């Protein structure tokens, strides 16, 4: 029962980040929203794996945690004219 | 064990929500990064470890996910903050001090 | 006017897609082929991840075709953006900060290890050669972002790529020699749910991981370092 | 189940935003979000292999390719 | 760096440490003690170590001793405590209807030498109350502070960096 509650709260968090992504005046704001929403998503996927009771599903969130970092770094390096 | 796990996960989820709320409410990029870094890192750590406690055989894998988040999140936030300063986004009007020009002079000396 | 027309067209397409998808019975009793794979998959191939057994074993020849498509794409990018002969122009770029470059050097082996874990465990957990290869290519991309002055050794990358392709084809041909068809599972199947099981599937996944990783890393390298 | 409908709506919003934004970097970020939510939906449909492929390719590599393309051309659309 | 006569010794030691570190990660990833997993882990970790140990050597990691390990554990506890305080602080500032923030950018200095020590210090500053690192040049950090208390370099260094730096200096001496 409590899992549904957690998922709902995290869903509200994702919607809030989305709001910032759509509104954000500059591209940097949107990048910050993207970075936040990925971290929230990793937690979301872990709880969802617990709801499904599948151990092997954790690998997906592991890949997300490692790779979304790379995406953020690429966007940041483009903003500071590093590529 | 179950109750401890649910409690820890609940704290984490609450902080994730607060981090998202901070992203919406705070006035400029740098302040948003403050909320986005601290609250979400802490919230994600607690959520993931809490799930690991609820299901003890998952603990080691959740520990690895938490380790990855703890290592990567500050670095990407640092990169984003530096990028927004380099791309010339100003501070908000409520700011009191800006020592960046002094820092640039120091950079010129080195 | 153009906007209205485009919106009308888009909504017509959307309605068409929705109508056609609504007919498909998701989650209803399985079709014949799918039922065969689900019932006999573990016994036939020894892999507990059924998707893997379909991709590498039952439909292994198609996977060879997909890998060939990726190879041709990589060759095309290399041919268009070739840099070896042209003189490299020194582009002035902002250097990465110390935190980023140190962090990249620290995290690079960890992400490589994660990629290796994903393609070695392809027959037990989700993932496999393509996913692991993408993770490895992302590790190289991260390394470019942090430490710009280092480049991958092109010759070694191409050697690894060719080796991966060769191992794939030779394994398939050995199946043809020992049994009677391409990609026959000639190695012992082992006990399900153990690492050394499922016959040739781990071998092919390791080869695929090396091949896809080095190809994608080569594409990224060509695109970023292309001289102006 | 309501979470799935919510996610589909968010995905639509991100996709429309990606096509409306004049700043192409913002469009790339919105496209990145589309692939992120696609991965969550695949996860809901119990297809972790596809979710992992979507995550590993859509997260870093596609973003990098788009950004290199923007770097070679120009950032703002008229 | 290291003195010349013990270079090969140091190299061997760095290979050993990196191998152990990667193997620990592999053990947590596979989360089983079956001999096949252990063998595969040894193979991949050795491969990575042989190809990449020069990078880790250039990061300037110190040799491992009991004292350093104990201090590292203490450092983790201190860091965790600070993270909890940081979150309550930020949460208070976000929820409060008037938003009591006073943001600003200041400079602090450090005495640490190695790259990895600076990275750990910068990341710790990022995770602790109301501060995060914007840029680093040599030994100066550019820090964004959500509630500026002082503008002086020494004073700010004492407030922000000192509590971590005294442990890190012991670990990386």
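In order of appearance the chains are A, B, C, D and E, and numbering begins at 1 in each one.
Convention: a contact is a pair of C-beta atoms (placed from the backbone, for glycine too) under 8 Å apart; a residue touches a chain by one contact, two chains touch by 3 or more.
Keep in mind that this is a model prediction, so the values were computed, not measured.
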Number of steps on the shortest touching-chain route linking subunit A and subunit E: 2
Both-way neighbours, i.e. chains that touch subunit E and touch subunit C: B
Distance-to-centre winner among chains (Cα means, whole assembly as reference): A
Greatest separation from subunit B - chain, by CA centre: C
A-B against A-D, pair bridged by the larger set of C-beta contacts: A-B
Taking each chain's C-alpha mean as its centre, the one farthest from subunit D: E
Between subunit A and subunit C, centroid-to-centroid distance (C-alpha), Å: 23
Centroid spacing, where centroids are CA-atom means, of subunit D and subunit E in whole angstrom: 32
Rounded Å distance between subunit C and subunit D, as computed from the means of their C-alpha atoms: 20
Set of subunit D residues in contact with two or more other chains: 48, 51-52, 56, 59-60, 64, 68
Touching two or more other chains - residue numbers and ranges from subunit B: 21, 33, 41, 57, 61, 64, 68, 72, 75, 77-79, 82, 86
Interface hub residues of subunit E, defined as touching at least two other chains: 25, 29, 122-123, 133, 135
Every chain pair in contact, whichever chains are involved: A-B, A-C, A-D, B-C, B-E, C-D, C-E
Residues of subunit E defined as touching subunit C within the complex: 18, 22, 25-26, 29-30, 34, 36-37, 40, 44-45, 48, 52, 55-56, 58-59, 115-116, 118-119, 122-123, 133, 135-136
Subunit B contact footprint on subunit C (complex, rising order): 94, 97, 99-100, 103, 106-107, 110
Complex contacts: residues of subunit A adjacent to subunit B: 2, 6, 9-10, 12-14, 16-17, 19-20, 26, 28-29, 31-33, 35-36, 39-40, 42-43, 46-47, 49-50, 55, 58, 61-62, 65-66, 69, 72-73, 75-81
Touch list for subunit B against partner subunit C, complex: 68, 71-72, 75, 78-79, 82, 86
Touching residues (chain side subunit A, partner subunit C) in the complex: 56-57, 59-60, 62-63, 66-67, 69-70, 73-74, 77, 80-83
